[in-house]
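Labels run A, B, C and D following the written order; every chain starts at residue 1.
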Amino acid sequence: MPDVVFSVDQSRSMRDQAAPGHNRWHPDIPAVATVPPDTSIRIECREWTDGQILNSDTAKDVRDVDLSVAHMLSGPVAVEGAEPGDLLVVDILDLGPVPQTRGEAPGEGWGYTGIFAKENGGGFLTEEYPQACKAVWDFRGQVATSRHLPGVRFTGITHPGLFGTAPSHDLLAKWNERERALIATDPGRVPPLALPPLEQGVLAGTLGGSDLERVGREGARTVPARENGGNHDIKNFSRGSRVLYPVHVPGAKLSGGDLHFSQGDGEITFCGAIEMGGFIDMHVDLIKDGMSKYAVSTNPIFMPGNVEPRYTEFLSFIGISVDHKTNENHYNDATLAYRNACLNAVEYLKQFGYSGEQAYLILGSAPIEGRVSGVVDIPNACCSLYLPTAIFDFDIKPNAEGPRRADRGRCAVAQ
Amino acid sequence: MPDVVFSVDQSRSMRDQAAPGHNRWHPDIPAVATVPPDTSIRIECREWTDGQILNSDTAKDVRDVDLSVAHMLSGPVAVEGAEPGDLLVVDILDLGPVPQTRGEAPGEGWGYTGIFAKENGGGFLTEEYPQACKAVWDFRGQVATSRHLPGVRFTGITHPGLFGTAPSHDLLAKWNERERALIATDPGRVPPLALPPLEQGVLAGTLGGSDLERVGREGARTVPARENGGNHDIKNFSRGSRVLYPVHVPGAKLSGGDLHFSQGDGEITFCGAIEMGGFIDMHVDLIKDGMSKYAVSTNPIFMPGNVEPRYTEFLSFIGISVDHKTNENHYNDATLAYRNACLNAVEYLKQFGYSGEQAYLILGSAPIEGRVSGVVDIPNACCSLYLPTAIFDFDIKPNAEGPRRADRGRCAVAQ
Amino acid sequence: MPDVVFSVDQSRSMRDQAAPGHNRWHPDIPAVATVPPDTSIRIECREWTDGQILNSDTAKDVRDVDLSVAHMLSGPVAVEGAEPGDLLVVDILDLGPVPQTRGEAPGEGWGYTGIFAKENGGGFLTEEYPQACKAVWDFRGQVATSRHLPGVRFTGITHPGLFGTAPSHDLLAKWNERERALIATDPGRVPPLALPPLEQGVLAGTLGGSDLERVGREGARTVPARENGGNHDIKNFSRGSRVLYPVHVPGAKLSGGDLHFSQGDGEITFCGAIEMGGFIDMHVDLIKDGMSKYAVSTNPIFMPGNVEPRYTEFLSFIGISVDHKTNENHYNDATLAYRNACLNAVEYLKQFGYSGEQAYLILGSAPIEGRVSGVVDIPNACCSLYLPTAIFDFDIKPNAEGPRRADRGRCAVAQ
Amino acid sequence: MPDVVFSVDQSRSMRDQAAPGHNRWHPDIPAVATVPPDTSIRIECREWTDGQILNSDTAKDVRDVDLSVAHMLSGPVAVEGAEPGDLLVVDILDLGPVPQTRGEAPGEGWGYTGIFAKENGGGFLTEEYPQACKAVWDFRGQVATSRHLPGVRFTGITHPGLFGTAPSHDLLAKWNERERALIATDPGRVPPLALPPLEQGVLAGTLGGSDLERVGREGARTVPARENGGNHDIKNFSRGSRVLYPVHVPGAKLSGGDLHFSQGDGEITFCGAIEMGGFIDMHVDLIKDGMSKYAVSTNPIFMPGNVEPRYTEFLSFIGISVDHKTNENHYNDATLAYRNACLNAVEYLKQFGYSGEQAYLILGSAPIEGRVSGVVDIPNACCSLYLPTAIFDFDIKPNAEGPRRADRGRCAVAQ
């Protein structure tokens, strides 16, 4: 077990830790630790909302969640000698939920998947499923099951949703500029097009006073992935993977969290992963001048590990970039194509007795694969969604008799 | 070997076959054969442009290709008892290039990948790579190599780019309506937003005269995937896969072709697969009333086979929905995110000595995976591209020394 | 499709082909064709008994089979420039049953698995299952099913059971010497310990008269694997694999056949594979002086392909080197350990309604894996057998309720 | 993290723990804990020799190891309600080395692979490699590297070498009887044919005095696998696997240890795995009367997990049951066949610069697969060994140029 460079007491808020983390991207947030290259470290993490969601059978907590405090990140950890232009090589050695499994915090033996309300977060299918819902999952080893989703059981593809290096001031200014321009195209939209800096709820390590206010005014929200890495939500950042992050500031300043016990490609319910607190063990190293050597200018590159959960039989759904309700054709829109693939999968699973919300929660959390299948056959982008059949304890394959409908219980709702 | 229900003489155009195929979707194109359910059949196919592209070292043929004749499809084959609302169950038993390997037609021991010119077809990176280029591939068993892309060698994930059932008149009208509406938003665009019906070059089996003219006026172009299946370009429709097509007309009227020796997700150069003529063996059967039973309303569902080429080590590239040149942020645009992932991969491969065009051709044809990683982390969609490292005969993994640049030859260009 | 260098008319015996093959190993059997290195070739093959087994519901044919004529091999094919000490590099490009699927010969749309009678061939479990039995399999693409084994369906791992180079006279003498010595330790054993040269039934290409008699007197029987390759029955010599054979005579003289639609590790029923006639496409090349370069002195080396059928869930059985009936302990005997693992698997499958013979036939033909798990934990060798659960259309996993017993039909028997 | 039911202080001998374990199989060893069915538990384990081997560059410790104290097992743990005839269902949730990585005990950040001296333990190739040797491995996440084996790096397939239930008195008597009979056939053999009960070094939990002496006189040594499970050394008992053990005494009395960071099939150097102390998390449950329901009479059955390290390219070696030095033919001897496959692999690796001992150590510890390929082709059993090529940082595939020989360092030896 590597040395712990960021420790968390899961019974307390991130604000009340001995060394608190942060929830905005800003170069001025001070490093909590500095390590030399070629070092293994352990980082402990809070669940991304800082523990607002409970192990319960109502989704009121999801409906009313305060998103101004998210994502609660651990770090930053500085790496000696790292300079802008380097690549920070991060090997994900191990990660998992909180070792103590009996507590009340997410990650202590359980996690959850949420559908966020359209008015408070939204999600990929928010037009179809605008109400807050939740499924609570129990962990046994690498396997997850949920009382809210009977009949489903899978090996989680455990990964951090969010890690990244600190942006430089210039890069941060670029982000704020382009995101503000986007918001300005439809400022009243629900859900919003993007999230601007927000002073409410800001946490920036030990910073306080005017420094903290400045981070609140300038600091980038943590929701999207950007040039520093960030909230990739790439399920394949699992054990054994290697990620090479661009370095934008001296010391690199690596931060992260948002651990996921599992997730499907797309993380479609927004909070679509199985969310938890926990730990992550990493080895950090540097490729000096790596950005130039390998022409890495905008986003990290990575190599998945070789111990991802293995499935071989999939039922797959296709979507194209047509709005089938209105018969409107969008031009080569992979987002719409994938949304249609998801909707097709939801409708299919409903034939077996799941509610639409349950199906949506399954697709968000199980190790499904989302593929960009065709993006040149104008006007229709074509995406596909691969659902492993083995995660169900009944046969979901189509046959001449038709689906075996049964009572599949219910997920937690907000009423 | 199943009975051949559609045979092709590869030395002749599809127009000059004993029983010609077709190149538009229309319910009135007569079936060339009728088979009972639970039957195995062989269908022989022409390469999609009907043999316009040569085994040569110039891309002038690609630049000047006549796309009005594409895709040249084999069929339709009617299935007894099929009625609208059924699912047509197609098992892909086997497929491959033309058995005779010494001829001049694509598929006779060789195939090609083309970058289409922006003015004539375009492609996914057409803004960056607007000139026609080509790579010719040689086949040995399931393995492909190209004199235009030295250092690359892989097992093809062989599949048909395009199969589908005939649309009903109503469905066809819906398509024409929505695609015309899209075109109308920017009628002069190069490349165009969509392709309207076109009388030039039309082929409709044995139809002639006014019937043929009508198919030319009304028949849907074969480029996009639609509710009948169509040009999915899903690389996983390989040996052992099962596809369940919606049936829209009596007899289902299955047609297809556009065989690919291999392709990467997205088929990004447009003609990004390794294109060839060849054969496909299928078993066809019906699930009566399957569309309703399984809520399949818009697109086929499918199950990949278990003999796809297997790779375990990947180098992966990430893209987000930002135009990095202009610093413009697009909202949750997975198409742009995947384009950026592709561009990032191209830049990376250029460090090893490939030209951008060569890299683009590799990504189009090799069994890369394109994943929709995150589509909820507003405003940035996040897509990723998985490049199997084993397809290169040198090490492409990043390390402290930097890339081993070498002379990687050149692809065919149009000059 | 490569040039056919050895063609077979499946309606005739190997003896009656235009260019007959052979059924003994001997350096003097003349080559039927000579090809340069770096050449792709097609070889057509008869089923190994030369067509004695029928597509029928009795196993009398298996019981009474004339084994003096086996294995009927195609070849030899000489490679220009090959000299003793070289490695012959054989890439298996493609292989399969006879393309014409409607004939009566094995391979023409069907194949079989046989349990040989103890008195005529025997098998791995011949003490427990001494009677001849048979299962006939139908092929659809790469998938096999059997009317004699309902509930089972799998993708075959198609491969040649037997290929090899010709032995030198010295090597042949070595084989005869050691095998005669072994036989002499128990000459009357049933089944015999080894098979000595046998003039009855001998075929040696176009040789006749005293030459043929000499081959009959001296030629090694084809049953075992030896230093030339030979009857490996390694199921992983499938599409895409590469085998490097030692060269013992000028020209290498490659021969083979005994094509298997599928087989489990061990080929435990002796004729445990799914036997068929068919074709195999190979690419041949040379590594000059390869035996010395790579220290290959006794057996070929090989690399499996990357398109083997993929299964991920297995039920596994263990055996140790104890005779459990007599409580006799054998020292580190992996053969006995694997036999016990097989017997344990048979008993397990019987709980679901299969007869022991049916279970034995399944384990011989399905893509099971047999592993040498521990061979140092004295006195007990430990082997294990991995049975893919997905080949059954019912759930064979153990659970608290116990196995779901059902009528599983019956295999062909000899009465 | 489940409750710890057996804890270990790695700085002390198993004898000096608060609740010591045991090193013989005997029904009278008292349970250290009792848990209900459907419970998750953590068991901490000492390395199998109780810490005699050091992180050093000499193999004197291996040469002189006291094997009378091995294997040091943790347990027994009783399961409420378990009765003879039941199956004990053990899910391996997680396992790994000692969490604290800086200590001196094996498992604290490092492990070792040993070749045992012929006079003290021996191994699979002990005739060829009779001297004690050692390689020390360093762990980083799931990856192992060794300063004694430069150029090698792999993801470990971590598993317990040894778990089992307690034998009944009758079963124990059966073991002693058959093993004594075997020893009696060659009592002076070096290494011995089997290990009889031995009072020296015995440990039986809290038992002392005459009880302990009785266990010493009667208790079965832990080296072989038997009807209770035991020292299977099956590398696939890794994370996510399920093992179903026969129950022979009330409470089942599960014990185990001998954790391996990795191992190849066969564990050919005897101490061929990467040996370590550590922890294992298990979930235990019962199938009442499961032995009869599923005809499990002699050995456990199991299901491997779906997160085993994944390799797709292998170089494979073949062996047959011939003693090539003496040209003696053994009848269908899979042990000899696998030994020859191992020797062939060793000779191959030597061409690249490794010593024979280094190659032997690699094959013992890396995730190689050992297959029983053919055991019916009399007289020659045929086994094969699959070596994943990706574990080397240079190319080990054969080519026309020949192997790239280099200085590959040296392993620890006993001088």
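Keep in mind that, in the parts below, a contact is a pair of C-beta atoms (placed from the backbone, for glycine too) under 8 Å apart; a residue touches a chain by one contact, two chains touch by 3 or more.
If you're wondering where the values come from, they're calculated on a predicted model, not measured in any experiment.
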- [ ] Consider the two chain pairs B-C and B-D; indicate the one with the greater count of contacting C-beta pairs.
- [x] B-C
TODO: Could you tell me the distance, in whole angstrom, between the mean C-alpha positions of chain A and chain B?
DONE: 32
- [ ] Starting from the mean Cα coordinates of chain B and chain D, work out the distance between those two points in Å.
- [x] 51
TODO: For chain B and chain C, let me know how many angstrom lie between their CA-based centres, rounded off.
DONE: 40
Task: Where chain B touches two or more other chains, by residue - done: 306, 310-313
- [ ] Report the topology of the inter-chain touch graph, choosing from line, ring, star, complete and other.
- [x] complete
Task: Contact footprint of chain C on chain D as seen in their complex - done: 87, 122-124, 174, 177-179, 181-182, 191-195, 223-226, 231-236, 244, 265-270, 272, 287-288, 290, 293-304, 306, 312-320, 322, 324, 327-335, 337-341, 344, 347-348, 350-351, 369-384, 386, 397-400, 402-403
TODO: In the complex, go through chain A and note every residue touching chain D.
DONE: 1-2, 40, 91-94, 99-101, 140-143, 155, 239-240, 281, 283, 305-311
Open item on the list: Taking the touch rule as given, give the residues of chain C at its contact with chain A in the complex, in rising order.
Closed with: 310-313, 390
